[in-house]
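Once you scroll down, you'll see the structures, which are given as structure tokens.
In the two complexes that follow, chain A is the common piece, with chain B as its partner first and chain C second.
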Partner chain A sequence: MAWVFAAPALLVYVVFLVYPALSSLWFSFTDWDGLSATYNVVGLQNYKDMPHDPVVVQAAINNLIWAVVTVVVPVVLGLTLAVVLNGKVRGKPFLRLIFYTPAVLPLVSVASIWGWLYNPQYGAINAFLRAVGLDSLAQPWLGQDSTALGATMVAAIWLRVGFPMLLYLAALQGISPDLYEAATVDGAGKWQQFWHITMPGLRPAHYVVIALSVIDSFKVFDLIYAMTYGGPGTATQVMGTWMYFNVFQYNQAGYGTAIAVVITLVAVVVSVPYVRSQTKEHAV
Partner chain B sequence: MTSVVPTAALPDTIVTTGEKNKPKNQGIGTTIVMVLAALVWISPLVLLVITALRPLSDFVAHGPLSWPGELTVKNFTQAWDIGNFATTYRNSTIVLILKVPLGVFVSAMLAYALAKLRIRFGAAIMYTVFLGLTIPIYITIVPVFVMARSAGITDSLVGLIGPYLAFGIPFEVLVLQSFIRQIPDEIVEAARIDGAGAWRIFLTIVLPLSAPALVTVLILDAVATWNEFLFALILLNSDAHKTIPVGLLNFQGQFSNNSTGLAAGILIAVVPILIAYTFLQRWIVGGLTAGASKG
Partner chain C sequence: MINRRKFLGLSGGAAIAAGLAACTGTSSDSGSTTSTGSKELRLFTYEDNSTIDLLKEQVKKFDTQNGTTTTVDSLPGSGAAVYPDKLRTELLGGKGPDVWRIWGGQIGAPFVKAKQAMDLSTYYQKYGWDSKINPAAVEGMTFDGVKGGMPFIALGIGGWYSKAAFAKAGVTAPPKTYAELEEANAKLLKSGITPLGTGGKYGWHVMRLFEYLLETSAGPDLHDKLLTGDESWDRPEVVTAFTNFKKWQDQKWIPDGAVGLDPAEVELWYVQGKSAYTITGPWTEAQGIQAGGKKSEDFGVFEFPTDHDPLRHSGFVEGYMINAKTGNPDMAAALLDFLNQPETHKALKITASVVAGAEPDQATLPLSYEWAQGPAKKPFYTIQDQAFPKKEADQYFAIQSDVLQGKTSPADAAKKMQDVIKAMKK
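Then we have the complex of A and B:
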């Protein structure tokens, strides 16, 4: 009987997620172009080609930078906001609402908004720099190699600060005020209280926040695709977008899926402890 | 959430030396800093609204940071027509209606099986389903595209439903099963003794008692569905079938030098979700934190 309830969701999950993922693994061992009726099995050739593809190397580095920056910065900022909002501040619900707002927007619209802010001629960012006398800093943010990736990450940070903030705010409710009271009696300063009460109290939250942020960072696609299309040149390519270009622009479906397999394996391996903890938590 | 009484009482009663009058005004400085930070955070959206409401000539003449000389809604009517928003709105709504209730319902069924029915391989199923949280969409796009092509449903909204359901299931099951698990076994047992079958228990006891979790999951799933981009990008070709994110991308390309029109188009695309968020944020916040911190 239990299977009757489990079957519909499991069927959809297997057909549209598990099977395609495994099927991609198979395509990654072929030279399929994505269009022809036939293809050859080429073993590990696609994987062997990857280190010699400068764009894959660049994409991998970009993914790594992306993972570090768009996890660390939002987590630190989110924690800071949560601690401050948990203290004596007026208008908490309103402030919380504001900081989480970007997270509900479609990523394409976030890309459009920031593309518009970064516009070299009409963008607000350069206009602001010129207005405060920093004309020399005004530049085509998305149009040059040196700043393009950083500019996309700013947009990512903008939309990703809200999530850690919410989780930390919820976790802070679970720390007993008595602990702070006792620490104050003992003469501990605010900073000491933060390190010795708040941070240890947030340990389970740190784990969840960081795990989910890392998982999310490996999925990066929409923002890059809609903001820079991987450019200028290949400066902002990440594995997800480079996979897409290989499949849908260069007719190299076999090679493209191999790129996707590599990044997915990294994501899965990194996330396994989190998935295991979630299962253990709930399994009878 | 707001019942953290002791924070206000704490320093008053404990700190007796010196800073007696401080607590009264404490928080004003922090509040000002936070409000400024919030203003900076929301400024891109504020700027977007101001720009969308002024004529292009006014924008070009005075720059993006100036106050509008005159106001107009022309940008919106123009963007609505050129951006094909009547069509993309309709398409996104159709997908939402077809997908979200169905996805939440089958997820609730699976969650019920995992939480309350003694299902074999329960832990293995959970592990496999939760692993789906970590799978990036792009690993599946080639096979999904091939499947859609052989089923003859490329460039059709129907083709989106399967992949959308599959990628929604892991999070929905995670949240719902942890919620359903908290329903006391005695209630379920009592119903069983009264002769209620598994379906009846599911429909008349489990679902109603899970209402808060169901609402949360419905809302979060609706947001994710409304915003989904990659599957829509690869599966939909013709303008008649595009959803809002894909439509907005095209629009962005056409309007790159018309800042006011672009701003209006972006707003058209995001305003419904902003309004929904403002009214439903309690559920969104509660759901995110429940889903993530239960584990």
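Then we have the complex of A and C:
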């Protein structure tokens, strides 16, 4: 009887997730060009080619840098903002709105906004630097390999701070004020209270925030695509964009889906601790 | 060799297969039609807001004459970097358009090679397109001998400039030699304006400058042989082109950080007074100058001097293809023939028609008319992002990007480009 109730959802799940995923896995073992009706099976060749593709190596490194920076910085900033905004601050609702707004903006809009800010000749960032006499620091931010990835990461951090802030704010509401009062009476300073009351109280939130941020970081595509198109040259290619270029632009759908399979595997491995923690929590 | 249909048949029921087609972009390759009825067509294009209504008006006229219902969908402003992807996704989803507009060369080629586009030889005979359409344009829509598309426009690229910017800098006439162009650049820069407005995001626009410099240093014959891989790129002429390319960046004759700028934005700088000129085609008169509320008389157009005879500029062909799976190929071909009539071209305000008798109107588009009367009649070489498959074109641009950033020397760039061509020819 349980199967009958589960069947509709299971059918949707199989048709729209499991089957496409399995067929993508299948195509990763072929040389399909993405347009033709026929293809050849090439076994593991696409996977063997990956380590010899310099752009895959570069994209993997960029993904790693992206993951570390765009997880650590927004989480730390989000936590800081949450703690500050959870205290007695004037204009609290307004400030929360301000910090969370970037998170609800369409990514293409975010890319356009930052593209204008970074414009080397007419952008606000270089204009500011020149206005304060720091002309030498004015850069073609998106137009040179040395700064392009960093510049896109700044936009990503701006975009993503609101999400951890909101989750941490919600979690902070669950910590009893009595604990802080008792700690104050016992002579504990603010720093001690933070480490011994706030941080342990936020442990469940840490799992959610960090796991979702890490998964999100490995899926990065749209911001890079819209801001730099993977360039200059291939300097800001990440696995997601390189997969897209191969599948949709280079007529190498077989190779592109092999890259997609690798991205999926990495995301699955990374999400295991999160899933396990959630399972344990519910089992209790 | 496996076909997707066999794969689908082996792997599950019809419902699951339908789901797969929707999700992975695969579809069974027979029996699928894109029209729900013999009188219904769908046309997919990339016309922008300034021209889409004109096209819809003409298509409506065709529908009235033929009792058809044609839906026109457009993806404006996307350019060759995005539009083909959308088209490909639609085709793989099993509901592609009956007719679509597309660029020639290596952008249109994959659709013909994959047999998604119909061989139009029969319709070339039926409508006499061979005799009505500019042969060079037909060549641009012929892929490995297959006439996979009907040319619609053939566009040449030139220098479109602000007369005010030239006058302010003391440049009294457009340059006639490469040396004069460099002199003009120096004067323009001194007057406080960036000479050439170009942007390298997506690669293709700044490539317009490099291909011009290559034509200048290599000359027409060698340039053509380089593009076909019949001559090595590891040679002095190519090194000179890369050296000059870097010089344009170092001298600030192109915008600071040009590699990262969006061409859609930068191309219009010459209209907005932020640059003196740009490299573009005649569409800029209607879509750039006039759409920006400016008068054509305040701008001019010139051919980039190459110091070679013939003086060639780069250009490209755009045309229409018919879906190999359309439910009504005859009606789709009739629509194409209708769209290529001189009177239709005039109604569409086409500035670079491939058919005689559809020249731009001198009164409303004087600069396009001027271009059509002279430079447009000269031979052109294929713009380089259409001369190479997309992957190689991107590698080519990556090399150009490295040269501009000083990461690769011009001599090494020539060697690297030869490696790209060598790998491609394998």
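One rule holds for everything that comes next: the second predicted complex is superposed on the first by the 261 of 284 C-alpha atoms of A that agree within 3 Å, B and C clash if a C-alpha of one lies under 4 Å from a C-alpha of the other, contacts with A are read in each partner's own complex, and residues count from 1 in each chain.
The rule is short, and it goes like this: a contact is a pair of C-beta atoms (placed from the backbone, for glycine too) under 8 Å apart; a residue touches a chain by one contact, two chains touch by 3 or more.
Nothing here was measured: the structure is a model prediction, and the numbers come from that model.
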| item | value |
| --- | --- |
| Joint occupancy of chain A by chain B and chain C, clash or fit | clash |
| Partner chain(s) touched by A:Glu181 [first = chain B, second = chain C, both, neither] | first |
| Partner chain in contact with A:Tyr19 - chain B first, chain C second, else both or neither | both |
| Partner chain in contact with A:Phe248 - chain B first, chain C second, else both or neither | both |
| Which superposed partner A:Gly115 touches (first chain B, second chain C, both, neither) | both |
| Partner chain in contact with A:Trp195 - chain B first, chain C second, else both or neither | neither |
| A:Phe221 touches, of chain B and chain C: first, second, both or neither? | first |
| First, second, both or neither for A:Ser36, with chain B first and chain C second | second |
| Residue contacts with chain A in the superposition, chain B compared against chain C | B |
| Chain B versus chain C as contact partner of A:Leu95, first or second or both or neither | first |
| Clash with chain B, by chain C stretch, listed 23-31, 59-67 or 185-193 | 23-31 |
| Chain B and chain C footprints on chain A, overlapping residues | 15-16, 19-20, 23-24, 27, 34, 115, 119, 122, 248 |
| Residues of chain B touching chain A in the complex | 1-2, 4, 6-8, 10-11, 14-15, 26-28, 30-31, 34-35, 37-38, 41-42, 44-45, 47-48, 59-60, 63-65, 106-107, 109-110, 112-115, 117-120, 122-123, 125-144, 147, 162-163, 165-167, 169-170, 173-174, 177-178, 181, 198, 202, 223, 226-227, 229-230, 233-234, 244-246, 248-249, 252, 256-257, 259, 262-263, 265-266, 269-270, 273-274, 277-278, 281, 284-285, 288-289, 292-295 |
| Residues on chain C engaged by chain A in the complex (per definition of touch) | 1-5, 7, 11-12, 15-16, 18-20, 22-26, 29, 81, 84-85, 88-89, 91-92, 110-111, 113-116, 194, 200-203, 255-262, 274, 389-391, 394, 397-399, 401-402, 405, 407 |
| Touching residues on chain A, where the partner in the complex is chain C | 11, 14-16, 19-20, 23-24, 26-27, 30, 33-41, 115, 118-122, 139-145, 148, 228-229, 231-234, 245, 248-252 |
| Chain A - residues contacting chain B, complex | 1-6, 8-10, 12-13, 15-21, 23-24, 27, 34, 81, 84-92, 94-102, 104-109, 111-117, 119, 122-124, 127-128, 131, 158, 161, 163, 166-167, 169-171, 173, 177-178, 180-181, 184-185, 204-205, 208-209, 212, 215, 218-219, 221-222, 225-226, 240, 243-244, 247-248, 253, 256-257, 260-261, 263-264, 267-268, 271, 274-279, 281-284 |
